[in-house]
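First the structure, then my questions, so here it is.
Chain lettering (A, B, C and D) follows the sequence in which the chains are written, and residue indices restart at 1 in each chain.
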């Protein structure tokens, strides 16, 4: 029952009906799996059932490579959307940055500490400023300068690179470009962005300037999945901090940096620990 | 699957073993119950399993009055500690107060709003100050002045009254007396106290004065179950607020009032919605 | 130097220049006033100076009724906008409500506790639901039902009433009507509204529904002065609380109630303790 | 009136009397200084006056090197404790660490960003683990292994080193040794420690284990000046984060790291921006 055993993590949603927990937990039980964690939710608005269930694989009678196949018939019967993960799999991640280093620095530092189960395969930037930081951590760093003219072309090369590195998650760590639909489309709910405002307030450009102009007493940061609509994707995590009339724009930016780092870090943990289920344009965070 | 149907709520803890969720959920399923909510936890430190599970009774084949009996054999087999509640049962509550009205006012107001599923059967006080407030809400108000000499005697009369009213939960809403062991013993984990500090800091008397003297930058409030050791019982809920050198003792008391009200209110909700499981001297809050 | 002495409170803003603090503090000193509190701010964006200064009137050589006249020449010279208040003056307040009682209840309760230095002269509502609560506290309660057709007419009668009661501050305690420009115009920066969202997110109607639909992880409340643009007036205070996918719309409304009460209460304290200075469409809160 | 001009910062406390603000501000005014920021406080408990006042030196008629001498007679007359700082002076800092890198990493990163006006002259450790991190930022790193036997001797060498480097502030960035009285005595109110609990709860060793055992719902971190009594020095800053029964000891340590970093960073900013005044064993933070 050690927490460091090999674990299976099932994320599943389907129309609600009587007996779902019993059905799924029985499958795990009869194959010798001990459930370590179970979290479920029924959305009364759409009648859907959502579950995240984790079990110890130590004495499970089905080998890791065959669990998916074994569970598939049940999932089909339930008309479920589902993913199966294992604790020995780690996400292969690309980080996109521009010139600000704080979010990148935070991710690199937490990786070194072992907080994230990810492999940072490469860093892509439209500027070369953060190359030294990437080198410090010995991570490949690619520069693709972006202009209005070359954007699509550059992104095509980026896509090739992402494929070559077998990337499954993209983190926009204060990347100051809007991704084209083609790139977004290639990574559905696999691109995490940190927006430096309390969405949906201050969508788009220069949110700190907008907040400063409006005279808010609290500023925020929002991590969300990237969709085709700018800053409209499913929100993963938000947090806030107080400001006052003594804080000028520079102070908002400084205070906001601490928010951005923490909110992005938490959202990466939720994503890579497979704690996120989608319900339309909303997230369910099972933590 | 309406949220307003009759619901059963099972709280159970037992030594962990393979198949517990399957076993319990199968019991519910085979009798026609639809699970609405399930939260479980395994404590790796003591190997115990904890679960709170809620199901819709609408089509359950066992009548409400017989569910307990039907489940008992399973619980016995699992060597479990357990409680079974139903959403149409409400707690019968006694509130103890002294002179401060804010916690009492808050509870009365939330009751009126329908936030708590409780019946406030009576209010007991060692002073008569809050009698008008009790009358405003038409709740019986009993005064038992307490001195060193008469304490045990008065508490015996209080106990008789609590029995007569069939009380199952006591809320100490800034009651300024320490209960004797006999009273505490009669209501194990059924007495909720609000302590006006961030426990375990500032145990005992005049916590705001202690906090003021120490020069803390944050003050707190703590709701806990009352045990024989003063301010040492299982913590249910805590919250804090910022203070500065500009705040004198009076300001701490004023700011603290808002904390006390909210923290006590949340702990009453957890208790009366049957969201609390005990793990030694700690609580698990399933919310 | 007691905190309970008669105090003068000067709020002043003017173009910044060398010697302002010296000039103002010298005026107070030479007349025998002891400064109890001084807070100032220079906005680097517009070069304006803002000050709130409080002094003990015990040994002040100018009688309370003549201080204004004595200071006027200095203010004129500095080209200042200014107000002078005294701690023995209290605001004469009208509260507007509809059907929700929580904000009204909170204000009445805090008044009774002595937290606010205000006189609640009357309560105005478009519904009669809260009449009993007003009666409990023996405050005149006037009902003006509002329809599209009679709105201006009814507001004219309200204005007459406000004049008759010599009202200087209006609190919209979840008043569900939008005030017409005439009423807003008659009370510039004297009408405080509580909006049940984290402005500027979710302007307008049904902000909790909007928040629920967007799937935010944090909800908020905002107290602001009412101007002609809906929900666009100077923000006085904001606060937030966390929500999750487990919270349905009803939970957001319930959690939001606690926010609304606290945020409105704080903004009333700031206003009535004369801690607010205006800088364009922003507030400076000197607390 | 630019924020980047040379500024003088006066921190002063003295027995309260009529005319103090006038007196001090007049001194600044008559020499041509424009006050940029002024914050004052009178403690009603001990009758002391505290002020922090900042002015623009651009047109000040006294050269920087002579301001201290010019102001001394006034300070003497007021029987004041005072310090005078200038915005072009930066603190010369020694950081003490053991094996944990998070606080050191945070300080180094913020220095690089220009958030702190400090020079990190050297890093002292009882272990060599963080040498590579120091080298990355090209800061001298000295190792002094500590045993019961050699402690005083090693600290004497450290003291020599601190003198040689002309150190005026010491930051204990999770340094796991208790300093001897001689070292503490040599740097009165110049040593900042980060304690990983919400003081005064969980003084001493293993506060996260203590917090875990007690079952608190909130954990904290506290930055304070080091005095001879362990964890009893003046508190500079505190912050907290929520935990639940799902968080094991490892999670508390992980969540606590983020608190420690932020609380220590804020306290360094307060100290090095000369925003801290002492009132007995308490701090006044003028921010």
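What we mean here is this: a residue touches a chain if its C-beta (ideal position, glycine included) is under 8 Å from a C-beta of that chain, and two chains touch if they have at least 3 such contacts.
Predicted model, so just to flag it, every value in this text is computed and none were measured.
Chains that touch both chain A and chain B are the following: C, D.
Both copies, chain B and chain C, contribute mostly matching positions to the interface they share, with over half of the numbers common to the two. Farthest from chain C in terms of Cα centroid separation is A.
For the interfaces B-D and A-D, the C-beta contact count is higher for B-D. With centres defined as mean CA coordinates, chain D is found 42 Å away from chain B.
Chain A and chain D have centres, each the mean of its CA atoms, that are 37 Å apart.
For chain B, residues touching at least two other chains, in rising order: 3, 41, 44, 246, 248. Residues of chain A that touch chain C in their complex: 41, 43-45, 198-202, 214-218, 220, 234-240, 244-246, 248, 279, 281-285. Interface residues of chain C facing chain D in the complex, by the touch rule stated above, are 1-3, 16-23, 25-26, 28-30, 32-42, 44, 47, 59. Of all the residues in chain D, the ones that touch chain A in their complex are 3, 102, 105, 109, 113, 115, 136, 246, 248, 254, 258, 262, 287.
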